[in-house]
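In this document, chain identifiers A, B and C correspond to the written order of the chains, with residue numbering beginning at 1 in each.
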Amino acid sequence: MAPILAISGITKQYGGLVAVNDVSFDVEEGEILSVIGPNGAGKSTLFKLIASFVKPTRGEVRFRGERISGLAPHTVARKGVVRTFQETTIFKGMTARDSVIIAHHLRSKAGLAGFYLGTAAARRDEATFGRSADEILEFLGLRAAANEIASNLPQGSLRALGVAIGLAANPKILLLDEPFAGMNHDETRRAVEMTRAVRDRGVTLLLVEHDMAAVMKISDRIVVINFGAKIAEGTPAEIQKNEKVIEAYLGVEDETIGV
Amino acid sequence: MTRPARLATLAIFLLAVFVAVPFVIGLTGRTDFYYTLSSVALLAIASGGVWLTFYIGRINIGQGAYALMGGYVSAILVVRCGFSFWISLPLAGAFCAAASVLIGLPILRLRGVYFAMVTLVLTEVVRLLAMALSITNGAKGMVSIPSPGPISLFGLTIVPSFDRFAERNEAFYYLSVTIMCLCFAALYRLVNSRVGRLFVALQQNEELASSMGLNVPALRVLAYSISSFFGGIGGAIFVAIAQSIYPSSFTVADSVNFMLNCFLGGLGYVFGPMLGTLVLYFGWDLLFQAGQYQLLIYSGVMIALMLILPNGLLSIRPMSWRKRGRPLVWRRS
Amino acid sequence: MEQVVANGLYLGAQYALIALGLTLIFSLMNVLNFAHGQMYVLGGFVTYEIYGQLHLPFVVALAASAVTLAILGGLIERFLFRTVIKRSVREESTMLLAAGVAYFLDALILLLFGEKQRGVPKIVSGVFVSDNLIMPYDRILIAFLAVLFIVAFILMMRYTKPGRAMRALAQDRVAAQLMGVPVEFYSLVGFALGALLAGLVGGLLVAITGVNSGIGGPISIKAFTMVMIGGAGVIGGAIAGGFILGMLESVGLSVLHAYGDITYLVIFAALMIFLSIRPNGLMGKPWG
C-alpha cells in the first residue's frame, strides 16, 4: 500500500546553517510513527516542513502521492494533513468548545455567504459542528472544560484541547508536536492511551517528541534525527539496540531510552 | 444582554433617531443640528469600517483614503456619467472594496506598526491622485453636485426628491442615518455570525487558524474590503450632502480620527464607533467656541484620555462583563 | 545629471538624519513618533528665533534647537509615553498618544509662531559653479553638517556606553534588562535623542528652505516613507531610506515636472509595489 506521507530528501537551509539535511522516510497509513532526537537536532524544523509551515530548500513531502510541500498551510490542512501546536498556541479569549467548533470550518458545506445569511445549509452545518465538537471533547475528556475560556485551562487540558482542535479539522494524518513534553508518569500514561485511541479512530499519527519512554511504548516505528539528518529508522526494539542512537544519546540514563 | 433587553435597546435607539431627534429639532428650530448629525452618521459609517479592521487585528489609519476615493467615484458617476446617486452609492463602495483587495493583498501580511505606517501613506496617495488626475478636476475639486433624486418603484414614490423637502438638511439626515443603521446592522450580523468567529480566530492566532484550514489571507482581505466598502459609502454620502468634493475633503487627520472614534467608543463593541464618533464630533464642535485654542484643547484632551484610559472605554466595564469572554480583548501583536 | 545627483545627496543627507531619529525611537520603544515632523518644525523655529531674530551665531542657534527638542522629547517620553506604555496592552494607545502629541505640537507651534513662512539670512553666501553643477555654498555646508551629524551618531551608537546600551535595548528589551541596562533611562535618552535629531534638521534646513507651521504633517509622512523604504528599527535602513528618498525626489522633480506635481504620487505607487515584494523594507527586521 502506498504510504500516506512520503518525505523525500527534505532539506532546509538558513543561510549557512543546515537545519534539516536530506531527510527521507515514509509514513504508512494507520501507523504511529515518532520522530525523536536530542535537543537541537532539527526536529521542530522538520515538523514545520512536513506540515508546510516552512518551505523546504530542497526535497518534497507528498501526501497520498500528491505534493504538499510549499503549499499554503491552510491548503495542506484542508487536504487532511493537520498539525497541532504546543499548548501556548490557543485562542486565548475563546471557550474550548468554540475553538473546537471553529476548527470544523473546513468541513462546512455552506459558504461564507451562507453563514452570514443563515441559510438552511449553514444552520445544518452549525448543528453538525456543535454535535461533533461535543463528541470530540467528550472523547478527550474535556467535557467539563468545554465552556471555560481557553486561557483559564490547565496545561494538561490545553494539550488535549490542541488534539481536539486537530481532530475537528478532520485529519487523515495528525502531526503532534511534543505531546508528552513536561508530563509526569501518570499524565504520560493517560496521554499514551489517548493517543492510541486517536489512532483507533482511523487517524495516522506522526509525533515529534523528546520523551523516549513514551515514544518507545506507543510507536509502531521510530525515526531518529541528529544534527538535522536521519541516523536511524525502525521499530522501537531495533532503535533501542541501534548503536548510532545510543551514541547520540550518550550519557543519558538507560531508563530514559526505555531499556 | 438578554434578547428582550437587546430588542428594547434597539427600539429605543430607533425611536430616538427617527422620532425623538426630529421632534426636538422641530421644537427648538435648530435645523443646523440635522447637518451635524448627518456628518456624525457618515463619519460613524467610515469608523465602523475601521472597527472591522481592528476586529481582525490590524490598525487601520487609512480609511480617509477610501472615503475620499468613494466620494470622488460617486461624484464622477453622478456628474460625468449622469448616474443617479442611488446607483453611484453602492458602486462607489464596490469600487473601494475592489481597490482595497488589490492594496490589501500585499499589505495585510504586515502587522502592528508596520501595517499602520503603510495605511497612513494611503490617504496621501489618494489625495495626490485626486490632485493629479483630470477626471477629478485636480485641485479645483468638483462642485455643484446635484442632490439625490427620487426613487420610484411601480409608480409609487419611495424616496421623494430632496428639493421637495422644506428643509434639505432634514432629508440628508434621514438618508445618512438610515444608511448608518443599515451598515451597522450588517456589521452586527457579521460579527455575530460564523464569519465573525472566523475573524476572531484570525485575530487571536493566525498560525493556529491556518492549521485548521482557514484561508487566512483570503479572510483578511475580505474583512479589509468590507471595511473599505464602508469607507467608500461614507465618502459618497458626504458628497451627496456637501455637494462638492476636494482633494482635501478627507485627510490623514480624518483617518486618525476614525481610529480615535473606534478607540473611544470601545474596540470590543460593534456600536462603539457610533458612540465614539458622536462624542468626538460634538466635542470638537463644542470647542469651536475656543477659537484658536480649539486644536490645542482637543489634542490635550486626547492625550489626557490616553493617559487615564489607555485601554479605551473598554476598561471601565464592570468586572462581571469581562469574564464571559466577550467582547474580546487582544494583546500586542 | 550631476546636478540631480548633487541635489539628491544634499537632500538625502537631511532626510537620513530625520529618518535616524524616527527609527531610533521606533527601535527603542516600538512607538511611531507621529510628532516627528512637528519636532522638525519646532527646531526650525527655534533656530529662526535665535539666529534670525536675535542674530546669535548659527551654531548657537542649532545647539539651541537641539537642546530644546531634547528636553521636549525627554519630557514627552517620561510623562506621556512611559505612562501609557506601562498601563496599556494595546498598540493603538501609544499610536493615538503619538497622534495627540502631534496635533498638540501643531497647535502649539501655530499659537507660538504664527502661520507665516519664515526664513533666515544665508549663513554662507556664494555659489559653486562648474560646467555641470550649480550648488550654493550654504547647501554644501548644510549637507556637510548633516553628514557630520550622521557619522557622529553612528560612532556614538557603536562605541559609547549609552550607544551600546540603546542598541541592546533595541535588540531585546528583556535581555537588556536582565543584563542590568537601565531600560527606562535609556528609553528616555533614546526618545530625547530622536527628537533632537529632528530638531537639528529643522534648524539646518530653515537656513535653506525656511519653515512654516504647516509642514509638520508632510514631513512626518516623508519620514515614515523613508523608514518604510529602508526598513524600520535599523540604522542602516534609515540612512538608506533617507538617501533613496532624497535621490528619488531630486530625480522626480527634474524628470517628472513636465507632467505636473506627481513626483510623490509616483514615489508612493512605487513604494506600494516595493512593499508587496519586500514588506519589511530593504533592511528591516520582519514584523508580524
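Please note the rule applied: a residue touches a chain if its C-beta (ideal position, glycine included) is under 8 Å from a C-beta of that chain, and two chains touch if they have at least 3 such contacts.
Just so it is clear, the model here is predicted, and its values are computed rather than measured.
Q: Removing chain B only, and moving nothing else, give me the connected sets of chains.
A: Once chain B drops out of the picture, we get A | C.
Q: Suppose chain centres are the mean of their C-alpha atoms. Which chain sits farthest from chain A?
A: Between chain A and every other chain, the largest centroid distance is to C.
Q: Taking each chain's centre as the average of its Cα atoms, which is closest to the average over all protein Cα atoms shown?
A: Chain nearest the centroid of all protein C-alpha atoms: B.
Q: Rounded to a whole Å, what is the gap between the Cα centroids of chain A and chain B?
A: 43
Q: Can you work out the whole-Å distance between the CA centroids of chain B and chain C?
A: Chain B and chain C have C-alpha centres separated by 32 Å.
Q: Hey, how far is the Cα centre of chain A from the one of chain C, in Å?
A: Computed value for the inter-centroid distance: 49 Å.
Q: So which stretches of chain A touch two or more other chains?
A: Residues of chain A never touch two or more of the other chains.
Q: Name the residues of chain B that each touch 2 or more other chains.
A: Answer for chain B, listing residues that touch two or more other chains: 329-331.
Q: Which of the residues in chain B end up touching chain C in this complex?
A: 54, 59, 61, 103, 105-107, 109-118, 120-121, 124-125, 128-129, 131-132, 252-253, 256, 259-260, 263, 267, 292-296, 298-300, 302-303, 305-307, 310-312, 329-333
Q: Where on chain A is chain B touching in the complex?
A: 51, 53, 72-74, 77-78, 82-85, 89-95, 98-99, 101-103, 105-106, 112, 115-116, 118, 122, 126, 149, 165-166, 168-169
Q: Give every residue of chain C touching chain B within the complex, in rising order.
A: 26, 30-32, 80, 83-84, 87-93, 95-97, 99-104, 106-108, 110-111, 217, 221, 224-225, 227-228, 232, 260-262, 264-265, 268-269, 271-272, 275-276, 279-280, 284, 287-288
Q: Using the touch definition up top, name the residues of chain B that touch chain A in the complex.
A: 189-190, 193-195, 197-198, 200-201, 204-205, 207-217, 222, 325-326, 328-331
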